[in-house]
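Okay, handing you the structure first.
Chain naming follows the written order as A, B, C and D, and within any one chain the residues start at number 1.
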Amino acid sequence: MSYPDLPAKGPSGDIVGKPRRNTAATRFYLTNEFGLIALIVLFALAFQFATDGFFSPFNLFSLGRIAAVNIMIGLAMMVVVITGGLNLAVGAIGVCAAMTCGYLIEVVGLPWPIAILSAVALGAMLGFINGWTSVRTGLHSFIITLATMSIFFGVMIFLTRAESYRALPPVFAAFGRMKLLGIFSPLLLVSLMAALFLGYLYNLTAVGREMLAAGAKPEAAEMSGINVGRIFIYCHMLSGALAACAALMLVARNGAAIPSMAGQLGQDWLLIAFLGPVLGGTLLTGGKASVLGTCLGAFLVTMLTSGLLLLQLGDFWIQSFLGLLLLAAVLMDKTRRTFLARRNMA
Amino acid sequence: MSNYLRRVLAIGLLSAVGVGSASAAGDSKIALVPGGPHPYFAAWEQAGKDAAKDFGLAAADYKVPQKWELSQQNQLLESLLTQGYNGFLIFPGDPVGSVSTVDELVSNGAPVVGGAGCFKDPSSASFCLGTDTGNSAYIGTKELLKTLTGTKKRIAHFTGFLVDPNTQLRIDAVKKAAEEEGATVVQVIADIDAPEPAEEKINAYLAAHANDVDGIITSAWVPAVVASNAVRKIGDKRIKMVAIDHDEVVLKAIKDGFVNGTMLQNPYGQGYIGTFVLDKLRSGCTVKTDAPFKKNALTDKFIDSGTAYVAADKVDTYVDAMRDTTKKLFETFQATYLTCK
Amino acid sequence: MASEIAFQATGIEKSFPGVKALKGVSLTLKTHSIHALLGENGAGKSTLIKIITGVHHPDAGRLILEGQEVHFASPREAIAHRVGVVHQERNLIPRFSVAENIHLEQLGASLLKPVDYANLNKQAARWLEALGLDIDPRTPVSRLSVAKMQLVEIAKALSLRSRVLLLDEPTASLTPSETDLLFSFLRKLRDSGASLLFVSHKLEEAQELCDSVTVLRDGSNACESRPMEGLGRQDIVRLMIGRAEGDGGWRKRDTPPGVPPAIELKNVETSLGHANVNLHVRKGEIVGLYGLVGAGRTELAKCILGQFPLTAGTVEIDGKPAKIRSVGEALHIHRVGYVSEDRKGEGLVLMHSVLGNAGITVWRPLSALLGFLTDRLVRHKVTPYIEKLEVKTPSLAQTVANLSGGNQQKISVAKWLAAGVKILLVDEPSVGIDIKTKAYLHDLLRELADNGTAILLITSDMPEMILLADRILVMNDYRLQGQLINDGSYAGMSEGIMNLIHRSEAA
Amino acid sequence: MNGSLANAMRSDWFGPLLVTIIAVVIVGSFNPSFLSPLNIQVLLLAIAVNGLIAFSQMLIIAIGQMNLSVGAIGGLCAIVFAGMMDVWHVPAPLAALSALSIGVICGIINGVLIARTGISAFVITLATLSVYKGINLGITHAQPFYNIAESVKSVGQGAIFGVVPWLMLPTMAVGLVLWFMLNRQPIGRFILAVGGNQHAAELSGISIENTVVTAHALSGFLAALAGLLLVARLQMGQPTIGDDWLILSFAAPVIGGAILAGGHVSVPATLLGVVIVAIITQALVLFDIDPFLVQVVLGAMILAAVGANRFRESRLSRKLKRL
């Protein structure tokens, strides 16, 4: 017996349930990723016609810079969501890491590359605390990270007394302001690298596959020889590290490590952290991740906000319009898929 | 009430200034951007409109970030720059964190003035026109301590989000003032900028410790409002209190004698003068290097937009007092702080 | 006993994206009758049942209930027409009581009128009694064993006093005595005039119970509503698979006495309550572990795999004591594999692809530096086994949930073959899979053993046990009761086994 | 151990009750003023509002979904209530009725969008959160409404026997009704059935759509009611009402043993969850914890409360065999 359509394919990534272009084209049209690309193009054109300067270099630059951070935050949440858990402490971990980086440079006087590495390591360590506690107690990560969000943030605020660290080497701020080809922020490259790394992880490594299997059905994964507890802890550590990266990107963007960068308890990050993965087709019940989808989802939300601001629709109402656009976007995507699925059947 | 306040201030200024200053740049589009939606800044909207009319600007619009988030404010500012706004009066979402955005705005040719709160030096902001948060809390505490007659002077301090560096300045200032007068700060309750936790914590505190405290100082809007209601509910007027800002609840509590006074700020003046200066800066004026700036914890280029302690005797006339302050400041502003060609 | 037509389906067609599941199927149910619906997995039985009960809507064809054409827009409408069903999947609300689950349908009359639990319990008790079930109707369903849950589902369907009652594999998880009880009840129901449709993989049961039969093959009628009388087992099998059943009978296998045990349990006690368990499986041997549901066999397998701690005794692999703390250690260090009885819960990651499931055990050994691993590598390793087991799937990328039960089971076996285990614990390998696959799996297990794998076979299916095992160990109440050397005679062996079980119960 | 005690220990409210009692004893013995009538009144006031917020989310957890828009609905209804009295001088009962209807409508919109489209509740309520909050800001421009009816103010301040605030009454009533509904009425059982096993519920002839919409409508109603109570308690209509309900709304039911996957919630345990959070919050104020450390202690206390409950559960489940 043979599988005629298979051998010619490259790494299919099908383990993620995410068909690529080289499988049947119709299946690609059915994916979330295609839907998001279509929506992004659609809204970009609409904004271009309706506003001045949507495609101006400065707007593209600032849009890209915000999107880069939002994508990174979305990825930090995604890697935990695939386990069927959550990490409400992304923001708190991020701020802790950023402040650590600032402290190490300004007070301890370490060279900045070491400080950055230490900050990311701290993020991973805080993630480890989340994961370990959650696995050991068997409590849902929702409640664990709800508590650790308070604890991490509280310790940070207690130690820093809400003081900022701004005596950072100029490379930080320069990196945040740098423009590639006049329109791209190098921060986008950082997010791109993180996305590529995750794509590699989930498609081309044993650990990544084990993460997905453990997330989809922990019992089955455990009975197939996967150490589910350890894998879940890895996921939380990865989430912490990515949250730290997002925070460091914000440090570059703001030119300083500030305690308020993610708001009270780091809550400001939560909505965008969930929006990206969920719009991108990551299941909250775990087991399915879409790195590309998360990036596109986060980008779409950032773009909608940016476009709405340019449209200058009644200042205070803007949040309503954003909500309506989001609803419209998900409904359009839903209709498209229903339509395609029907046509496929005929 | 706040509408009324706006109008009174506007009329006052119009009569004081007349239609002067002919050298306005007609293409000035000024944006007045607070840190987020907050009643304090409501006067900026009218102030911007008035200034735009008085000085013949293309626009001076009040633009509010959807949420009280630094990133939202940054995104709004970048968008406004794209939309062609070329002068910004900003309440910094974070005194340090907003600096890089300011630098960017200025490097794109749009002058920036800090309004109500200051950017931390060094920054590209031309100067800061606002309230010295620490000083205001200091004066308020001093006023509160004046009203305390007993030998024991125990005060409680209710304030806002700890992530805001201004909160630490306020906590320090209250402590300093208390120490100078031989009083003790028995408790600081912070992180109560939302009404629900403020209600819960302040009432819980007063329920248990009403007898252990003689005075209350508040240094943020919501705690001031909630604490005013709380002391009204207790009703015996033994506990003295000094509030902040001009919320209707606070003013009424002052009139009724439950609250001794409030530290008023001058948002209208900030908006009006700020807009005026931004236009001037666009039409070739520069800030004098030797101008008589004050210093505060954040910046060396601070201009006090007026802060005043208002007690029951002045609560009906404080609008006039503020108008006078604004008028005085405005009349001499150009000569004192700017060099114009 | 006048028999009239109760329900008719004619020319039913149904398509799903990419598949035509039913191509003009017909079926006639009469009153006072139990009708068998047979066919291999994927033949369309479940789809037909879902259409009759309003879960799916037919693309073409008619449903006629007592002479009148009906269209069920939802399961609720089917219920309103007194068409009841016991589905294959667990369809109970875990935290609700037995009584409430039984009567869930009837609650909907008024949304606000308080539920009369006393009355509910009383009514439920009647149905439980009728089924010979000794359960307090107030017990939450989640505290019941799988078999009892199944019976509660049957009680639930019965409580609707359905004119037409469909039973989709109702005996899959029942013990023989429970099955007998159920059958006698179904016969009573038949005699009172009901029309029953019985779906099962166990031909013996269908032949024993039913008086007429419809067989589906590849979404079409292989035969339509003909009397069961005169049909032999071989005739039915021919109808189902289109050819005669292959020769899969018992074969005497000899393991030379000198071969050392691959795995040996010495005086094992576990935290779950096993005591004094001594057993060994030699290389190339198939040892059966028989027992009724709840005897502690699956639990023993899980203790061997380190899921629950041993409190005394040792497990030796290849003569050396082994401390196994997780399935991972069992697999990667000791080369022990476990085919789970709970395919959907523990055996497979249903939402992932064939490749993702079959390769799950080889990711770690295959991965290179930094865990680098390509699909090509996994496919290379796994494909021979998928092909060998003749897994029917459009591609390796197919989601496992979309495959039939038999193919799913093949994959859950294939992954252990791909891992190259030396010791394989096989737990209920043929639950819910069709005849052809079952025979195929039996051949495969024998072949594995012939090639040197030690196999511990756990099954409640006595014919299967007697077909496969070299030795049969009998477990009851977490203790081994004795051992029988299999001689392949069904009558003798089954009597021996039951004797061992009952001796222990009498004691 | 006798049977009824064993049964009590197995129930969801036992753990939280134990934690509550221990907390009261500890806090009360260190600080006797904690048990003063005035302090109890303050505690009950907090519980009254937070209880409704938690119930509002609890219903949605029961059907296995999430409602991120509880705060937005509550805030919108609060400012509608206050705004109608302030701007249009609508009598308080009428204003309350309109505000509650708006809450129900918001809930129905959530429910219908979720049930009809099949898009996850998380995404839908995230979007409607934005919509409702935006309408709130659009109406108020972030300015509070001050001129609310005196009757409302006095209800907000008043207390029965000087201890039990009037505002506690609606919450208690809601608690009883919800308990009765979820345990005795078919609609409540359907909500739990849909959360427990949606597929099975559907096959048992329960209309998923109607059940989901009903749950969301009720959730909207409760969020609106919480908003109204807050207006009475704060003596004004603050646009920021509801901004930070979300975490509490999840924390209380989860402390009370609710399962986020759905199908299992407990009214008394959820209420006790609210009580625990309120006591912790108060204790932090009473003991004059360094404000910079408050968050740390709060997080640790929540973890301890949940952990204690979890420990008890695992002890019990070790006796029962795994299912």
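One rule holds for everything that comes next: a residue touches a chain if its C-beta (ideal position, glycine included) is under 8 Å from a C-beta of that chain, and two chains touch if they have at least 3 such contacts.
Note that this is a predicted model, so its numbers are computed, not measured.
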Compare the CA centroid of chain A with every other chain's and tell me the farthest one. C
When the contacting C-beta pairs are counted for A-D and for B-D, which pair yields the higher total? A-D
Taking the mean of the CA coordinates per chain, how far is chain A from chain D in Å? 30
Rounded to the nearest Å, the gap between Cα centres of chain A and chain B is 37
Measure off the straight-line distance from the CA centroid of chain C to the CA centroid of chain D, and report it in whole Å. 44
So which stretches of chain B touch two or more other chains? 37, 64, 66, 162, 191
Multi-partner residues of chain D (at least 2 other chains): 134, 137, 141-142, 244, 292, 294-295
Expected list for chain C, residues touching two or more other chains, is none
Considering every pair of chains, which are in touch? A-B, A-C, A-D, B-D, C-D
Hey, which residues of chain A end up touching chain B in the complex? 52-53, 56, 58-59, 62, 66, 69, 157, 161-164, 166, 173, 176-177, 250, 253-256, 258-261, 263-264, 268, 305-306, 309-310, 312, 315-316, 318-319, 322
Parts of chain C lying in touch with chain D, wherever the complex brings them together: 53, 55, 74-76, 79-80, 85, 87, 89-96, 100, 104-105, 107-115, 117, 142-143, 156
Of chain D, residues touching chain C in the complex: 180, 184-187, 189-190, 192-193, 196-197, 199-207, 263-264, 320, 323
Give the list of chain D residues in touch with chain A in this complex. 113, 117-120, 122-124, 126-135, 137-138, 140-142, 244, 247, 250-251, 254-255, 260, 290, 292-300, 302-303, 306-307, 310, 314
As the complex stands, chain A meets chain C at residues 1-3, 5-6, 11-15, 17, 19, 23, 203-210, 212-213, 216-217, 219-227, 287-288, 341, 344-345
